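Given below, in the form of structure tokens, are the structures.
After this come two complexes, each holding chain A, first together with chain B and then together with chain C.
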Partner chain A sequence: MNAIAPAGRSLAPFETRLAGLHDSQRKAAAGDLARVGLPGPRIEAWHYTNLRALSAHSFTEPDARFDEQAAHAALEALFPKGSALEKLPRLVLVNGHLAAGLSASAASLPAGVSCLSFASSPEFGTLAAPQRDPLVALNTALASDGVRLSVASGVNAGQIVLVSLALSSSGTVSFHPRHSVALGAEASLTLIEIAAGDDVSDPYFHNPVLTCSVAEKAHFEHVKLQREAGDAIHLATVYADIASHATYESFVLGLGAALARHEVHAGLSGTHAAVHVNGAQLLGDAQVGDITSVIMHGAPDCISRQTVRNVLTDRARAVFQGKVLVERVAQKTDGYQMNQALLLSPGAEIDAKPELEIYADDVRCSHGATVGALDEEQLFYLRSRGIADAHARRILVEAFLIEVTELVQNEAARDFLDGELARALVKRVTTGENLS
Partner chain B sequence: MTVVTDIKRKQDLCRDVAETSGVKKMSELLKISGLHASIDADGTPKEILRGVDLVIPPGEVHAIMGPNGCGKSTLSYVLAGREEYEVTAGSVSFIGRDLLAMEPEERAAAGLFLAFQSPVELPGVNNANFLRTAVNAVRRARGETELDAVGFLKAVRAATKNLSMSDDMLKRNVNVGFSGGEKKRNEVLQMTMLQPKLAILDETDSGLDVDALRIVAEGVRNLRSPDFSALVITHHQRLLDYLGPDRIHVMAKGRIVRSGGPELAKQIDVEGYASFLAEAA
Partner chain C sequence: MPAVTETREQVEKLGQSSYKWGFETDIEMDFAPKGLNEDTIRLISARKEEPEWLLDWRLAAFRAWQTMTEPTWAKVTYPPIDYQDAHYYAAPKKKPGPKSLEEVDPELLRTYEKLGIPLHEQALLVGVEVPEGEEARLPVAVDAVFDSVSVATTFRKTLSEAGVIFCPISEAVRDHPDLVRKYLGSVVPAGDNFYAALNAAVFTDGSFVFVPKGVRCPMELSTYFRINARNTGQFERTLIIVEDGASVSYLEGCTAPMRDENQLHAAVVELVAMEDAAIKYSTVQNWYPGDENGLGGIYNFVTKRGACRGARAKISWTQVETGSAITWKYPSCILQGEGSVGEFYSVAVTNNHQQADTGTKMIHIGRNTRSTIIAKTISAGQSDSTYRGLVRMMPKASGARNFTQCDSLLIGDRCGAHTVPYIENRNMSARIEHEATTSKISEDQMFYCRQRGLSEEDAVGLIVNGFCKDVLRELPMEFAVEAQKLLQISLEGSVG
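What follows is the complex of A and B.
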């Protein structure tokens, strides 16, 4: 083995852009990345999710200009008149660039909430470290825009929608937005993040990094819908630090992209902090969807909860990796992790890897996983009431997933997800194919 | 076999005569002839129904009684279309159609309803939504207009009131956390809303206290009309006292071994099944 060559994948798809960097922080990140390469299958954390699809293209920087009409049409499709999220303040990125004309002005945000664009005041922060994570390094090197939201202490900021739209651009593009959310003590915010790209003709790569700092007694609910275009690659990383008595409550619904990963690193750094990393995926065709989490209990009396459900048809594959690390000081930790999958066709697959690493001696940590097909008795019960086979299957699949979307506290966000889910079900669950 | 065919031909002739003579009324809503069915038991088929013959005319309530394991529940599942059972011989006609060739949902649309012995729980499925979906699926299939939210609510409120059910049961998930009695009432509610021509009640009275039994029986009695028949599978005289069945059939070892009037149920209540089992042997 050549000791100098990186063990990972080639950076060729980004070579020109990485070579042209000037900023010292970005150059350092590019250097970190060059040392290890993009993760290959021999890297433990990427064993089940292969990034070979990235190597097939050369990704260029998207143009900052975009088709305004197409953007308006996409937003109207996402937020029809009278829908749950239509009236909420909205921040919109198109192909990775913050589009001021489509976004709420600073003045229209609730008092105590500030929003800066990353482009105008780039600030990487210290939560997400390029040295430890190649996808954070790639983002750090190439990030051109993003939003920097902060909520002042004691302010209830309500709900804010963050949309990342992908629109057809010239060729295969990649965008690497860098977002940050900072909640002051006793502040609260619900962020509804949407990654959508309905009719994009070329493959594109969306590589967002979000860092969240949740101060004492603050409450941050982060609800995300991933509905990228069918050929897209979506690799998102979230780093959150949760202080004493604070909560980071997250939910991701994965429906789109050819290859997607939602990776959350949550650090419980103060006593009585809580984190929820819940999610659901409904995948078909040859889609790969990965939900990975690393939860670090660094203080006593903290709670972590993870419930993830997957529904897979055709040759779709889901990956769940959940690591819970309980440090020696983190006595009285209460950790729960559950991953469940419904396989609707013989070619579907789930890979689940729970990991518990516990150094404290007085903790309660449990994890579980189930894999199965639709229940024949339930199916027969529905059909015996006159409901046609395909419709009955849809009802059961929807019920399976709604039991997790119910974990979303914010009603508008939950209704939005349920609506998206219902639409996706009509597309995905049409036949009577099932495991025999 | 030839005998059965002959009888069938004769009955077909009779029906032809009835139809041509302008008598619209069918003499048989359900007709089961020589029905054999088996279930897969670790790779080898186990025969459970061994030649069931049964006719139910429109507007009548019939009861099937018989010892545990005689095939009563299997018969109800085969009639409703459960795929685990393989029909190896015989035929079933329902309103003149080949029932065995129909999907379970088509059977429901045609007017067959099975009240399950153990109603299935559907976590995540709201009871009211489920009921409305079922009612409208059946109405669509019958060429009737679908019920809108208001129309459905009105109909379901009337039905739940008759069954002494709380509105709360409609808001919960289907049968999840229901008591045994609530589950059975929920079955009768579905039956009321789906307006079947033939309801098969598979031990709907089991596990009910006296009051619940009366309410359930009342629910069935309310449906009695010239267009409604019921096949009641039961172990108990009490439900039959409420319903006043037209015919009693005794099932043993996968066949109907004796049919008679209501007095047969009273005889079973006193003597048990021993003599019928001897007949079946």
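What follows is the complex of A and C.
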């Protein structure tokens, strides 16, 4: 490595892989990364989410081969027979590699939808900002596979499921898939993205980047479930460019991983475009979950909506950072953001930073934030009707979270999330700890 | 909408003539040579005849400052400051105390006159002896800071009868060394941040207030701040200690003469409130904001912090910030005592090329502590205004509450208004509520006012005053009037 140490965290966990790069774009990204290092707590964007856990390991590239039986079992557990998502076309990555045998064939995708693997035709696109975002630079340097979906103009592509499975591999691995979605004018697509790694006992690091370009009058709904293994690190970045009259609706439900961040950069670049960046997290143990978003209003008459809710038990910590940036040209912007958190145990913590940066005067922008415990009166009401404490708590927490999952438009995706949530509630929400 | 275009034009027309208090007093000054080093600090300390411990404290702060870098996280930009290119000490020439106003430098009196300080108060300000009876008629005690040295303090006697100490801090160092030594730097440590460390090293004067147990301060205390000499940064240090069950209301008002060169102002204010004590600290800040091209103006980098040490203590900050080219200021409350209360009410107005990054920090440590934040931001011209605030609930802050409301009003499409709240909760029974809005003056509101016969100007004035009402009503009566005047001057053209 260079004699000059970067200001941020050491790149040692990836050192050998970064040293062996050939492609000029990858080398440039590695150079960007080497200059700043992995972000430390003094970097404003990472003030609340500490990447210390990354430094504890050395991450190797996972083997392309995997245990097919385990993969099938994991998929069956995710999509049991008769479940809403079982019949939908599915693209499966195992440890960051696209598994053709588990994925829908090109022929079985709806007409007008094309899917390439990143491995066979690597293309980084222009939406990502590896110079600014170190984890995207890391992805750019090390990306080996991913899916490149495109939907032709005017085509309603229905729903496609993108699964990223982590299966036990040798040692601590990291995978950096690079996905892209491009919707032509007036096209529509619902992408249901699932990151799962239930049975993996070794720590692993999943660092996906997804770039979405949504052309005029197109409609892209992006629903994500993050259910990584308990010791996993999941740091995802999404970039979306939304053209005139187009919409990008995104939702993330965060349940898993020891350390997770879902970061969205959504740019409204055409008039009358709309973006929804919603999310919920239900965390326990010592989990850290971060939802970060930057919504850039770059054109007049656009709408942005954001609702994020966190429920925290044990010593879990959630972070919400939401920035709404309104450029000078973006007159008549309508922006609203709400983030709320419930703390269910004395050791839990929430850190929130809802931020408005506004340069246009004819705008309506507002945000709200509330943090608190379960309402004792509501609890008392349920208890007085004979409902056991743990059950009563679960009812209240579920009601709190379902108000956000209701924002998911696609019914199959919503039912799927609600099912996942119900299971997580049983695990996370038990009898409350006494305040005093 | 034509009405808005009109407003915008008028805001643009707003020139430097609107800075009513831009004048400069030409009186002889006693300068320290330009530059900052240990000798400068020794000189300041020697001039002020300070004890050894204070000099050591200053030198330690200076050494800490040398290792620090200027904070860059605030949303303000300015050319690099050459800290060696300024005088760190300036005092009006010492003369034996005047016997009557005739003996006082007439320039000084004219300055006060322009500031609107009544004649009999002027006499007190310059230290002329005043017949007994006159004191009682004046509702406000003034400690005037004319550049770096408190020229005089009024009402000492009335206050001392109540047991209240109100004097320049340099005098307090001499007369009440134990109190100063005990509390100085106990809320804002010497090495707290870059500007606080600089202040600790070179502060020349400021106010000291001590209200003993159970005393309700019989009058509002007030300091007029003036930056006056060319190239003298001002480094005030204010220390207010209020003992158990006592209370005080302190007013700080600022005006500064107009000039081209940027002036650095790095004040530190420390408040200590013990059990059941209450401190109300109100500021009207109207330093010179620079001209319409963004030339000149004061750099206002202030550290203000209050500690509610005892149970049920209360600290309330109210500020009306209309001046300064750059404002960097976060009056904070450390809510340590059980059930203690912190409040922050702020109106920040920026126009032309002004930049303000201001807000508060509420650190909830004790149980059942409460805080309220109301911040109103008005941006016009090509200015940038940021609310930056922190609410932190520590693990022991059970039952703590915070309510925050930040509203921004944009006038014109070349300004910016930003809101950056940090919300940190580590106690499950603590509740935080935060809301923020950004808007312009709505067409409906304008239409409603106009169709009732109000002029464009009056309508904007009415709406802006309504926008700020929640904060202005927290100001003491005397200040509320001044604050409204300042709002109007700052937004002249759009407010009428």
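Here is the rule we go by: the second predicted complex is superposed on the first by the 429 of 436 C-alpha atoms of A that agree within 3 Å, B and C clash if a C-alpha of one lies under 4 Å from a C-alpha of the other, contacts with A are read in each partner's own complex, and residues count from 1 in each chain.
By definition in this document, contacts are C-beta pairs under 8 Å (C-beta built on N, C-alpha and C of every residue); 3 or more make two chains touch, one makes a residue touch a chain.
Since the structure is predicted, the reported quantities are computational estimates derived from the model, not experimental observations.
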item: Overlay on chain A: chain C relative to chain B, clash or fit; value: fit
item: Which superposed partner A:Tyr359 touches (first chain B, second chain C, both, neither); value: second
item: Touched chain A residues, chain B compared with chain C; value: C
item: Partner chain in contact with A:Ile350 - chain B first, chain C second, else both or neither; value: second
item: Touching partner for A:Ile387 - first (chain B), second (chain C), both, neither; value: first
item: First (chain B), second (chain C), both or neither touched by A:Ala399; value: first
item: Contacts of A:Ala119 with chain B and chain C, given as first, second, both or neither; value: neither
item: First, second, both or neither for A:Gln378, with chain B first and chain C second; value: first
item: C-alpha centroid angle, chain C to chain B via chain A, nearest 10°; value: 80
item: Per-pair minimum CA distance [chain C against chain B, superposed on A] in Å; value: 11
item: Residues of chain A at both interfaces, chain B in one complex, chain C in the other; value: none
item: Residues on chain C engaged by chain A in the complex (per definition of touch); value: 73, 395, 398, 408, 410-440
item: Chain C partner contacts - residues on chain A that touch it in the complex; value: 44, 328, 331, 341, 343-346, 348-373, 435-436
item: Interface residues, chain A side, partner chain B - complex; value: 376-378, 380-389, 391-392, 395-396, 398-403
item: Contact set on chain B toward chain A in their complex; value: 80-84, 103-105, 107-109, 113-114, 116, 119-120, 122-125, 130, 133-134, 137-138, 141, 173, 190, 194
